[in-house]
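So, here come the structures, one by one.
Same chain, two partners: chain A is paired with chain B first, then with chain C.
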Partner chain A sequence: MKKMAGKHWVIAGAVLGPLIVLPFALSKAQLHLTVIIEIHAILAVSLGLVVGFVGQLSLCHAGLYGIGAYTSALLTFAHWPFWLALPTAGAVSGIIGLLIGLPSLKTRGIYFSITTLSFGVLMAMVLNNWISLTEGPDGLSGIVSPEAISLFGWGTLSFKNPTSYYFLVGLFLLFTIWIIRRLLRSRVGRAFISVRDNETLAGSLGIDSMRYKLTAFTVAAVFAGFAGSLYAHYLRYICPKDFGFAESFDLLVMVVVGGAQTILGPIIGAMFILALPKFFGYEPVYGRVAFGIILIVVMIFMPQGIMGKFQKLLESSPGRTDGHP
Partner chain B sequence: MEASIFLQQVINGLVIGSMYAMVALGLTLIFGILHIGNFAHGQLYMLGAFATYWLVTLWGLDIWSSMLVAMGSMALLGMVLERIVFRPVHSAPHINGLIVALGLFIALENIAFILWGGDERMLPSPYATRTITLLSVSLTLQRLLVFFVSILLIFLLYLFIQRTKMGKAIRAVAQDPEVARLMGIPIHRISAAVFAVSSALAGAAGALVGPIFSVYPAMGLVPILKAFVVIVLGGMGSIPGAIFGGFILGIAESLGAGYFSSEYKDGFAFAALILVLMIKPTGLFGKE
Partner chain C sequence: MAILEMEGVSKFFGGLAAVSHLSFSLSLPEEILGLIGPNGAGKTTVFNLITGQYRPSEGRIRFQGREIGGEKPHRIARGGIARTFQATSLFFEEAVLTNILISRHCRLKSGIWGALVIPPFTAEEERRALDKSMKILETVGLASKSNEYPHNLTNAEQRILMMAMALATDPSLVLLDEPSAGMRPHETLTVMNLIRKIKELGIGVILIEHDMKVVMNTCDRIVVLNFGNKIAEGTPEEIRANPSVIEAYLGRRTRVEG
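The block that comes next holds the complex of A and B.
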C-alpha cells in the first residue's frame, strides 16, 4: 500500500509540475481561457458525479452555478469579505439544490432531465426578472476581487492578476476532485454506482436510492455554488445569460464527451469544448458548426467519451463497460 | 377581465397550441421509436419555414404549394438525418442520442445563419392582413388557418398511425421493439418513416406560423423546449398526450400572460410541468 502511495506522488508531481509552470508560459488571453476552463472543470466534475455515477441527466447545473455567483456577488456588495461569501455561496446553492432535488429525483429518465431543465429555465428567468435584486439583464458589475491574503512576512498575495487566480481556482479544482474521489471510494460511492446500474436491485438490497441520489445532487450543487463565486469574483461582472440552459447543456456535453463515468473525463471535456472554438479564429459561427459536427462524430465513434475510449485502450476501467445508464 | 378579452386569449392560445402540438407530436413519435430526446427536431421547424419563405419569395410559388414542397423536403431531410446521424447511435446509451441531437441542433442553426444571416423575415402570406371578426373577437385569417390546417394535419397523421399497415408497425415498434423485430417488422424502415412524417409535420408548423412570428435561424429553440414540456406533460410517447398537451399549454400560457405577468409568460409552462410531475411523475397520460 505504501509503495502505491509513493507511486501516486510521482504521478502527481509529473502532472502538477507543468501545471505550476504553465501560467508563466501562457499569453494573457490563453491564461484567461485557462482560468475559465478551470472553473468549468469544477462544474463538469461535480455534474459528472450526478450524470456518470448516479446516472441522472441533470439540466439545471448552470442555474445552481448562477445562484452561487449572484449570492457571492450580492454578499460582497453588502460588505461581506469574499472569503466568507465563497462558502456561503456554496451553502446557498447546496440548499437550493436540495430543494430542487427533492421533487425532481422522484421522476426518472427523461422526465428527470426535463424537470431539471424547467428548474434551470426558471432560475435564469428569476435572475433576469428580479430586477431590484439582480439588475436584470444588465447584470451585476463592479464585483470586487478577492481580498489579498497576507503571507506572514512574505508580503501579501493579491488576486487581482490572473496568475494568482489561476492558482486559487486550481486549488479549488484539486479540492473538488479530492472530495469527490473520496466520496466515490467510500461506501456511499459504491451505493451510487449500484443505484446507477440497477435502481430496483439496489432498492431490494436495502439501499435507499432516493437518499443517495439526493446526496450526489446536493454535493454537486455545493460545488456549482463555489464555481459560481469563483467566476463572479474573477470576471467581476455577471449577467443572467451566463447561467441559462445553454450553459447547462454545454456542461452536460463536457461531461459526456469527456467521459461521464470517470473523474478526469469531465475535465478533458471542459478543455476540449472550451478550447476547440478558439482554433476557428475570428468566425465563431463556423466554430459552432464545427462544434456541432464534432459532438456527433465523437458520440458515434467514442460512445464512452474521450476518457472512456482512452480507458478502454488501457483496459483498466473499474466501472461498467457496456455503458447503459 | 371582460369576456371578449378572455375569448381573445383562448383563441390566441389555440393558435400557439396547434403549433406546439404539431412539433410535439413528431417529437413524441420519435421518442416512442428511438427513445431519443430529439432536440434537432426544432430545426426542421426552422428549415421548413425557411424553405417555404424562399419558395414564395424567390420562386413566386403560392403559399400552399410552397408549404407542400417544404414538407416533402423536410421529410427527405429527416430520413437522411435518421440514416447518417441517429442510426449509428441507436444501440448506444440514450444520453448519446441526446448529445448527437444537440450537436445537430447547433450545427443546423449556425449553417442557417451562415447561409441566410440572422435577420428576422416575414413570410409573405395573403391571409396575414385579412382580419375577420368572430363573436366580438377579431383575428387575422392566417391565425385561423394555422388552427384549422394543423387540426387537419394532426387528424391525417392520426389516421396514418391508426389505420394503415405502416402505422400499425410503428405502434408495434413503440410498444416492444424486440418482439416487433421477431415478427419481421423492419425496424430501420419504420424509424425512417417516423422521421419522415415527424419532420414533415415540423416543417408544416414552421411554414404555417412563418407569417405570424417571422422566420430566422434561432426560431427553433422556444418551440422545441415547449414541445419537450408538452410531451413530458402528456406522457412520453403518448400521441393524445402530445396533441392535448400542446393545446392545453398554449391556452394556459396565453391566459397566464393575460392575467398574471407577461414577463414570466414562458415560465408558466415550466412551472406547470414541475407541479404536474410532483403529483404524477409519469405525466398526465403516461403509463405507470
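The block that comes next holds the complex of A and C.
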C-alpha cells in the first residue's frame, strides 16, 4: 500500500516537473495555445464525466461554458472582484445545467443529444440577441484581468502575463481532475457507471438513475462555468460564436478521441484537437483534410480513444495474467 | 400476514391482455412460490408489474401492506423487492466484487459530499460494504472469483452472480426469472440449494422456471398461468395432478377415430 503511494508520487513528479518548467521554455504564441488547451482540458474532462462515465451524449457543454464566461465578465463590469465572479460563474452555470438537465435527462439516447443540442443553440441565441445585456454578436470587450494576489511580503502575483495565467488554469485543471477522480471512486461513482452500463439493472437494484445523471450533468456544468470565467478573463474579449454548437461538437470530439471512459483521456484529446492543426497550418485544403483523415484513422483503430487504447495495451502486456483479450 | 398481495391485477398492451385479473398472495415471509406456464403465459409480465417496470392497467399490488403498483423500480427495490432477469443481466465492464458493491448501493448513505471530503463515516461505510460484499460472494460460492470480470465466468456462475446481486440489496422478497436457464444438471442442483438457502435466510421467493424438477422440488406452492389467466394454484402434488394444467402444457386429448 505504502509502496504504491510512493510510486504514484514518482509518476506525479515526473509529469508535473516538466509542466512547471514548460511555460518558461515556450514562445509567446506557444504559451497562449497551451493556456487555451488547459481551459479546453477542464471543459473536456468535465464533459467526459457525462459522456464517458454516465453515458449521456451531451451537446450543450459550450453553452454552459458561455454562460460562465458572460456571467463572470458581466459581474466584473459591475465591479465584482474576479475572485468572487469566478465561483459565481460556476454556480450560475451549475444552476442552468440543473434546469436543462431536468427535462433533457428524461429522454434517452439520441433524443437526449437532440434535446441538449437544442438547449445549446438556445443559449447561443440568447447571447447573440439579448443585446442590452450581452452586446450581441459584437461580444464583450475590455474584460479585466484577475486582480493581483499579494504574496505576503514577497511582492504581488499579477495575472496579466500568460505565465502566471498558465499556472492559475493549471491549478483549476488539477482541481477538476481531483474532484472527478474522488467522485468516481465513491459510491456515487459506482452509481454513475451502473447507469451507463445498464440502466434497467441499476434501477432494479435500487439506484435512482435520474438522480445520478442529473448529479453528473450539474457537476460538469459547474466546471464549464469555471472554464468560461477563466477564458473570459484571459482573452479579455468574448463573443457568442465562441460558445456555439461548433464548440460543443469540438469538445465532444476531444472527449471521444482522447478516451471517453478515462479521466485523463479528454486532456490528450484537447491537446490533439487544438495543437495538431497548427502542425498542418490552416491552409484550407490540405491542412484540414490531413487533420480530418487523422481523426478518422484514430477512430477506426482506437474506438476507445487514445488513452483507452493505451490502458488496454498496459493491461494486456506480459506479466499480467488476469488481463482479458 | 401476506407480504405480497396481487388483487385483480391486469396489464393490457393495446387490446392484448398479457395478464388479466390475476390474484395471488405470498403469505409466509419465507415461502417459495412457483410461477409456471407455457411460453407467453405472462409470467415475466407479472415480475415487471411487481417491480415497477410496468404500471398495472387495473388492480392492486400490495407489498407488506403498502400499495406499490406503478411505483418507480428503484423505489420498489429500496422497499425490499429484488429480482433477476431472464437474460443474464450484469455490469459486464466491472469486476465481480464491484457488481456486488454497486448492488449494495441502496443500503449505503454516503453522497457527493462524502465522496469529496471522505469523512470517517464514509471510509467506515465503504469498509463495511466491502466486507459484506465478500460475505455475500462466500454465501453463493463465488468468493474465489471476486476479481474476475463477468465474461470470464461460466453461464451458471453469471446467473448465480445475478442472484447474489439481488441478495446484496437486502431484500425481503426475491423474484427469480428462470434462474437455472441453460445450466447443466449439477449446476442446477447448486441453484436449487441456493434457492433453499435464500428461504432459510427468511426471504420470500417467487420463482419462474421451466425446469419442472426445480419447481417441484423447491416450491411450497405453485401458481399456473396460461394466456394471462391463473388456471390453477396449489401444492406441487396438486398441480401435477391438475387436468387443466396438463392440458395447457400438452394440449387437449383428442380421440382418434379409427
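Note that the second predicted complex is superposed on the first by the 311 of 325 C-alpha atoms of A that agree within 3 Å, B and C clash if a C-alpha of one lies under 4 Å from a C-alpha of the other, contacts with A are read in each partner's own complex, and residues count from 1 in each chain.
Please note the rule applied: contacts are C-beta pairs under 8 Å (C-beta built on N, C-alpha and C of every residue); 3 or more make two chains touch, one makes a residue touch a chain.
Model, not experiment: these values are computed from the prediction.
In the superposition on chain A, contact of A:Thr115 is made with chain B only, not with chain C. In the superposed model, A:Leu183 makes contact with chain C only, not with chain B. Residue contacts after overlaying the shared chain place A:Pro137 against neither chain B nor chain C. When chain A is checked against chain B and against chain C, the one touching more of its residues turns out to be B.
Touch criterion met: A:Ala191 reaches chain C, while chain B stays clear of it. Touch criterion met: A:Ser204 reaches chain C, while chain B stays clear of it. When the shared chain is aligned, no partner comes close enough to touch A:Pro81: not chain B, not chain C. By the document's definition of touching, neither partner reaches A:Gly13: not chain B, not chain C.
Overlap of the chain B and chain C interfaces on chain A: residues 324.
Note for the complex: chain B touches chain A at residues 31, 37, 85, 88-89, 92-96, 98-100, 102-111, 113-114, 225, 228-229, 232, 236, 263-264, 266-267, 269-271, 273-274, 277-278, 281-283.
Remark: chain A residues 51, 57, 103-104, 106-111, 113-115, 117-119, 121-122, 125, 129, 245, 249, 252-253, 256-257, 260, 285-286, 288-289, 291-296, 299-300, 303, 323-325 touch chain B in the complex.
Of all residues in chain A, those touching chain C in their complex are 179, 182-183, 185-191, 193-194, 197-198, 200-209, 215, 219, 322, 324. Contacts from chain C toward chain A in the complex involve residues 51, 53, 72-74, 77-78, 82-83, 85, 89-94, 98, 101-103, 105-106, 108, 110-112, 114-116, 118, 122, 125-126, 129, 147-149, 151-152, 165-166, 168-169.
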